[in-house]
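First the structure, in the form of structure tokens, and then the observations on it.
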Amino acid sequence: MTEAWLEPAAWLIILPLAWASVAFLAGPGRGARLAILALVAQLGLALELAADLTQRGARMHAVGGWGAPLGIDLMADGLSAVMLLLTQAVALPIAVYAQAYFAETHHRHAATWFWPLAGFLLAAMNALFLSADLFNLYVTLELLGLAAVGLVAVGGGTAQITAALRYLLVSLLASGGYLLGVALLYGAYGTVSMTTLAPLAVGQTPLAVWIAAGLMLVGLLAKTALLPFHFWLPPAHGGAPAPVSALLSALVVKASFYLVLRLALGPFAMMTGTAAGLIGVLGASAILWGAWQALRAQRLKQLVAWSTVAQLGYLFLIFPLLAADGLALQAGALQVVAHGLAKAALFAAAGVLMRATGRDTVEGLAGVAGRVPLTLFAFGLAGVSIMGLPPSAGFLAKWLLIDAALKQGQWGWIVVIIVGSLLAAGYIFRVLRQAFLLAPEDSHFQPVPRRLEWVAFVLAAASVLLGLRGAELVALLGVGS
Amino acid sequence: MSTGLLYALSGVGLFMLGAVGVIVLAHLMRKVLAFNVMGSGAFLVLVGLAQRTGQPDPVPQAMVLTGIVVAVAATALALGLARALHARTGGVTLTQGEDGD
Amino acid sequence: MTVNEMLPLAVIASSLLPGMVIFALPEARVGLRSVLNLLGAMSKLVFVILLLEGVARGEVYGFRHTVLPGLDLVFKADALALLFVTLSTVLWLFTTIYAIGYLEGSPHRSRFFGFFSLCVTATVGLAMAGNLFTFFVFYELLTLSTFPLVVHRGTPQAMRGGTVYLAYTLAGGALLLTGIVWLHGLMGQVDFVHGGSVAALGPQATAQIKVVFLLLIAGVGVKAALVPLHGWLPQAMVAPAPVSALLHAVAVVKAGAFGIVRIVYEVYGVEYAQSLGLLKPLAIAAAVTIVWGSLRALTQDDLKKRLAYSTVSQVSYIALGVALFGPVGTIGGLAHLVHQGIMKITLFFAAGNYAETLGVHKVSELDGAGRRMPLTSAAFTIAAFGMIGVAPTAGYVSKWYLGEGALAAGMDWVVAVLWTSSLLNAAYFLPILYRLWFRPPPAAWPAEHIPARGWRETGWLLLAPPLITAAAVLVTGLFAEAGWSPLAWAKLIAAREYLQ
Amino acid sequence: MNRFTRGLAVAVGVALAATLVAALLELPAAAVYLPGAVAQHLAQSGVEHPVTAVLLNFRGWDTLLEVAVLLLALLTLLTLRGSEAPVAEVEAEPLLQGLARKALPLIILMAGYLFWAGAYRPGGAFQAGAVLAAGAVLLHLAGLLPAWAVPGRLLRLGLILGFLVFLAVAAGLLGQGALLQYPPALAGNLILLIEAGLTLSLGLVLAGLFLFVTGRQA
Amino acid sequence: MLMLAFDGLLVLALLWSAWRCLASTDLSRAVVMFIVFGLLMALAWARLDAPDIALAEAAIGAGLTGALLLDALGALRSRREGRDAPRETP
């Protein structure tokens, strides 16, 4: 009995829902301390879940006690545990960051309902990573999408509203496609449980199921901002307040990617060959195009946002490389984690840099290295992971990708990976270089709370040091697959 | 052809009509209308296809109830954002690439 | 964890930890920063001495940590590693002292010394890397930690130099990575072992193996400044003098040269590399670099640029020694790894002193500087003679062994290259010496920052390091046959390398 | 959006619709038949109406999250409106006012009926909440209910109460073995409790989607 | 047979009202058409043995959404430009 009470998977969803509600109840602008406390607990829960899974293997939690296909199952395996760990590990420092960030008067407006929105966002992600039911996943997708749109809009400026609207429309169109896919699957098989579906979908696949798979995957790819559906991302992520950008870029886009991966490994395992190759080509184009745009971006946060477009591209390179050896899957998971931590650090650092200079341009960074050296160091460290230089987790991801491509003799991807890394070095050093310039005579720098700087640094250091613990991550990922 | 299948097929038509509408129409209100048509289409497919044998199925019906509530939430949000945009710029469309960079 | 596992880590930590603390120090804590710097350098020296003593006894030091299944971070402090570790540790100590004096009162010193420590951390890590992957990790860390040093001044020229440096080194890193992953795909983890391990792949992989060799050598060749990959080195001379010392003598170019040594000896195995016909092209590339660098040095008026081209030329002696199939050439190359380091660092220290004391940056402005700064100029003179290869300096010893090695390997044309190079060296160094000692000083120096006080021609922190290293140039040459000399250590390595 | 992409979208839509129609016409029967399972377990669900059983018991987890979706939409609208008071008041229309006054008791009665009926026949918290919200909109249009400003503590409690009750029940039942695992004996009452909370809160939230936004520009 | 004819007509009416709603040049007519569409949907749900959805569709789909749309239509029609200075968040 006590065992069931303490089920970490369940509490990982209940807890953020609860603190989001209480934060709403507490009133405008309230809830920061509660959120941070709860996030500490959530991180503990995620760690406990991971430890538990490693010991006892993957497990199901039948909500309502019915079990699939009648009820909804929650499923926790290595992949979910990795995603959950990343989510809590990024959310906690970002919450600490946000508390200090929104304490400034001119950000008060944005902070009115930030905490409940963030709570629902995290609950949606945790629920998504644990759900094994396609319709339930639709609800979590909508929850996630609406929370993300709300967070984009909290800035309240014209640019943010426009970005939020565009994001909302893409998101709704995408979930519409997903929902139609679910409807078709239910029609074809009479169930929406992934575990029940997976064995049914092999063998003679009806045309309707192929279309369902196409609709769902295209919808999810749009939500993950894969080229050519990337257009909504730079304004949305580049325009939001820094802590929001960090959450969106580091975590939210990963949720839909996770779902693509789940589907490709589960019910839609029949989608291989051409479809997987096409996704890989789109990923490769995203790497190059995103990096190119980042090289050209005038505004700092736009640069970081375009970098997200590029880095997400790497995630899709794994689909043509998925094989029994699991290398590509490991590469994908590592890239998700590495990019999550590093991108959160980059946005956190960008927030500091913008506050220090009072501007959002790359140009305006001249001389900032002398003022906020810790932040710049954090930016550089996170950049190491983004560029895929050792010993960062980003490096391990790219290493595994190259290894997988070599093993299968698919040389083209290797060229893309390496060129992408060099382009990434280009835009990261573009920022660092500017920051190292001598400050112009007329520049004024604003003081920045130290806490903001430290959060950026901790996240960046985590993304690099994780590279030394890749083996543990891979072992966890292996649970239940 | 059973009643369920008939409505499912019309649902396909409505979905595509709505989806193309969301993409093609410029006015934000029209996009919202199209989104609702699209959603209704998906709901019809969900229930109609499941009930193509003629038996009512409470599971997709409950799902559609959930879906309708989600749709109204999304509609209210989209309209709210559109109104906020209108209040700030006077525009009722999303112009292309105003903040691309 | 045993002591034998911990000692290599201690060598790395002794600069990493002080570096981290220094980053966090406020700018004004000059005293604490200097103490931390010197404490780190001294403790590293102690650890290295312990290691040297142990390795000479035959102890095995190593550490292994699994990063991913089939991918380990491996450290091993063998004789070859220690040759490089000792060099960089000793020179780091002097460079730190020099830098404390050189940067007195200039801004952003916490940042500077932080990256300085990271840079040395990367160098010793790279020296003790036990496999290609670990080598690559520290090779890239070296790139990253030197970039902020190169652009430290924040001027547009510094930025340009830094950008060029990055473009070259990161591209080189990409080549190296490709080669390493390729090799991994062929044979799994590639640990450094005596005699190499690639030969086990058998004849059907020969073509791939050759391409991989090209990738690996091109990758490390960028840092070793092999022509035509040397373009960054003259550009990077915009860095402050201690950084140049670091780039040219302690860390960067040495890392490249050291990489060539590891790859040829302990990945491919010198016998196998020779049997594939890979050493001849390497020797030719090295020879071309030696001559080309010297030729370019002739025409440079900027003193540091002339020294930079001289480095391009001199570092390739190491590669040349490796490419000369046989123990004698190996000894020459390895000894030159150390000798070139102490000679070149002396030259850069002296160049830094001219710039910092008198504002002199150009060869043409050096007239009579020997009278104004006799001690610095004496150090410069000794090192320059070493570069030319005049007995009894260290440079003479390494050139001698290289020549012997070439004859033993039947590559007589190399001797001609060595002669040509020596003549060219003389041609670009002797005019400097002439100006220093025999031309009258100008009425006023371009910008005299530090006035002379008695025999102290400049700050003592600036003066002591070049004097000590210049003395070392002489001592290592004079006592080359002593048991503790770099030459003796190089012989030990060669004996172990060619044992089988 | 240029003519080409527009044409492309239409063409893809038509082609996809045609393929899908063809695919549906040849779709074989489903392998799993859930209505059977629903009927089989209806007795243990605590309610008699199968749709309500699915909505609040078998797939209650969906419903819980769906309420959160509604709350989120409301939260974002609140964010957009900031802290300003509503700009325009609706002028009182005597005719509409009279109608609204008459209709109000009827609306409340209808909502109560729908809420109660949910356990046995079509109806339930969502429909009841929607009717309540419609009543609130009607009152506003008649000038009897002003638009809402920043919600006070009481209103916030009302908005969130249903969700909190639902959440508390879901978590409280973890001790039974899983989230929302009703003990059969208590299932009926617990579902009723949840529905009561939801009827109130959904009514307020749905009304809020209108009343927090109306009468102002942003 | 009669029911099938009724279903056929209803389906056509659904598609027609959706089309009119999206294609109409007049926005208020489009909204009205949408409410009609919602009521037709409620009928369709009734035909699909889904009275719960029919109720919800009538109350939420046509009713509440309709009210939201009409209210938004009024707001978007009024011409008051740039009342708020855009709030930029750096």
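Which chain is which? They are A, B, C, D and E, in the order written, and residues in each are numbered from 1.
By definition in this document, contacts are C-beta pairs under 8 Å (C-beta built on N, C-alpha and C of every residue); 3 or more make two chains touch, one makes a residue touch a chain.
Computed from a predicted structure; not experimentally measured.
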Note down the smallest number of touching-chain steps it takes to go from subunit A to subunit C.
-> 1
Going by the stated contact rule, which chains contact subunit C and subunit D alike?
-> A
Target subunit D, source subunit B, minimum contact steps | 1
Farthest from subunit A by Cα centre, which chain is it? Let me know.
-> C
In terms of CA centres, which chain lies closest to the overall middle?
-> A
Which two chains are joined by the greatest number of C-beta pairs in contact?
-> A-D
Of all the other chains, whose mean CA position lies farthest from subunit D?
-> C
Distance in whole angstrom between the CA centres of subunit A and subunit E is 35
Centroid spacing, where centroids are CA-atom means, of subunit B and subunit E in whole angstrom | 10
Using mean C-alpha positions as chain centres, tell me how far subunit A is from subunit B in Å, no decimals.
-> 27
CA centroid of subunit C to CA centroid of subunit E, Å | 76
Touching two or more other chains - residue numbers and ranges from subunit E = 50, 52, 56, 60, 64, 68, 72, 75, 80, 83-84, 86
Shared interface positions of subunit B, touching two or more other chains | 8-9, 13, 15, 17-19, 23, 28, 43, 49-50, 52, 56, 59, 61-63, 65-66, 68-70, 72-74, 76-77, 79, 81-84, 86-89
Contacting residues of subunit B [partner subunit E, same complex] | 3-4, 6-7, 9-10, 13-14, 17-18, 21, 25, 27-30, 32-34, 36-37, 40, 43-44, 47-48, 51, 56, 61-62, 64-65, 68-69, 71-72, 75-76, 79, 82-83, 86-90, 92
Once bound in the complex, which stretches of subunit A touch subunit D?
-> 1, 4-5, 7, 10-11, 14, 17-18, 21, 24-25, 27-28, 61-66, 69-72, 74, 109, 112-113, 116-117, 120, 123-124, 127, 135-136, 139-140, 142-143, 146-147, 149-150, 153-154, 156, 161, 184, 186-191, 196, 200, 206-208, 210-211
Can you check the complex and tell me which residues of subunit C touch subunit A?
-> 23-24, 65-69, 71, 73, 107-108, 110-111, 133, 136-137, 140-141, 144, 147-148, 151-152, 154-156, 159, 162-163, 166, 170-171, 173-174, 177-178, 181-182, 184-185
Would you pull the subunit E residues touching subunit D in the complex into a rising list?
-> 50-52, 54-56, 59-60, 63-64, 67-68, 71-72, 75, 78, 80, 83-84
Residues of subunit A touching subunit B in the complex = 135, 139, 142, 146, 149-150, 153, 157-159, 161-166, 168-169, 172-173, 176-177, 179-180, 182-184, 186-187, 190, 231, 234-235, 238-239, 297-299, 302
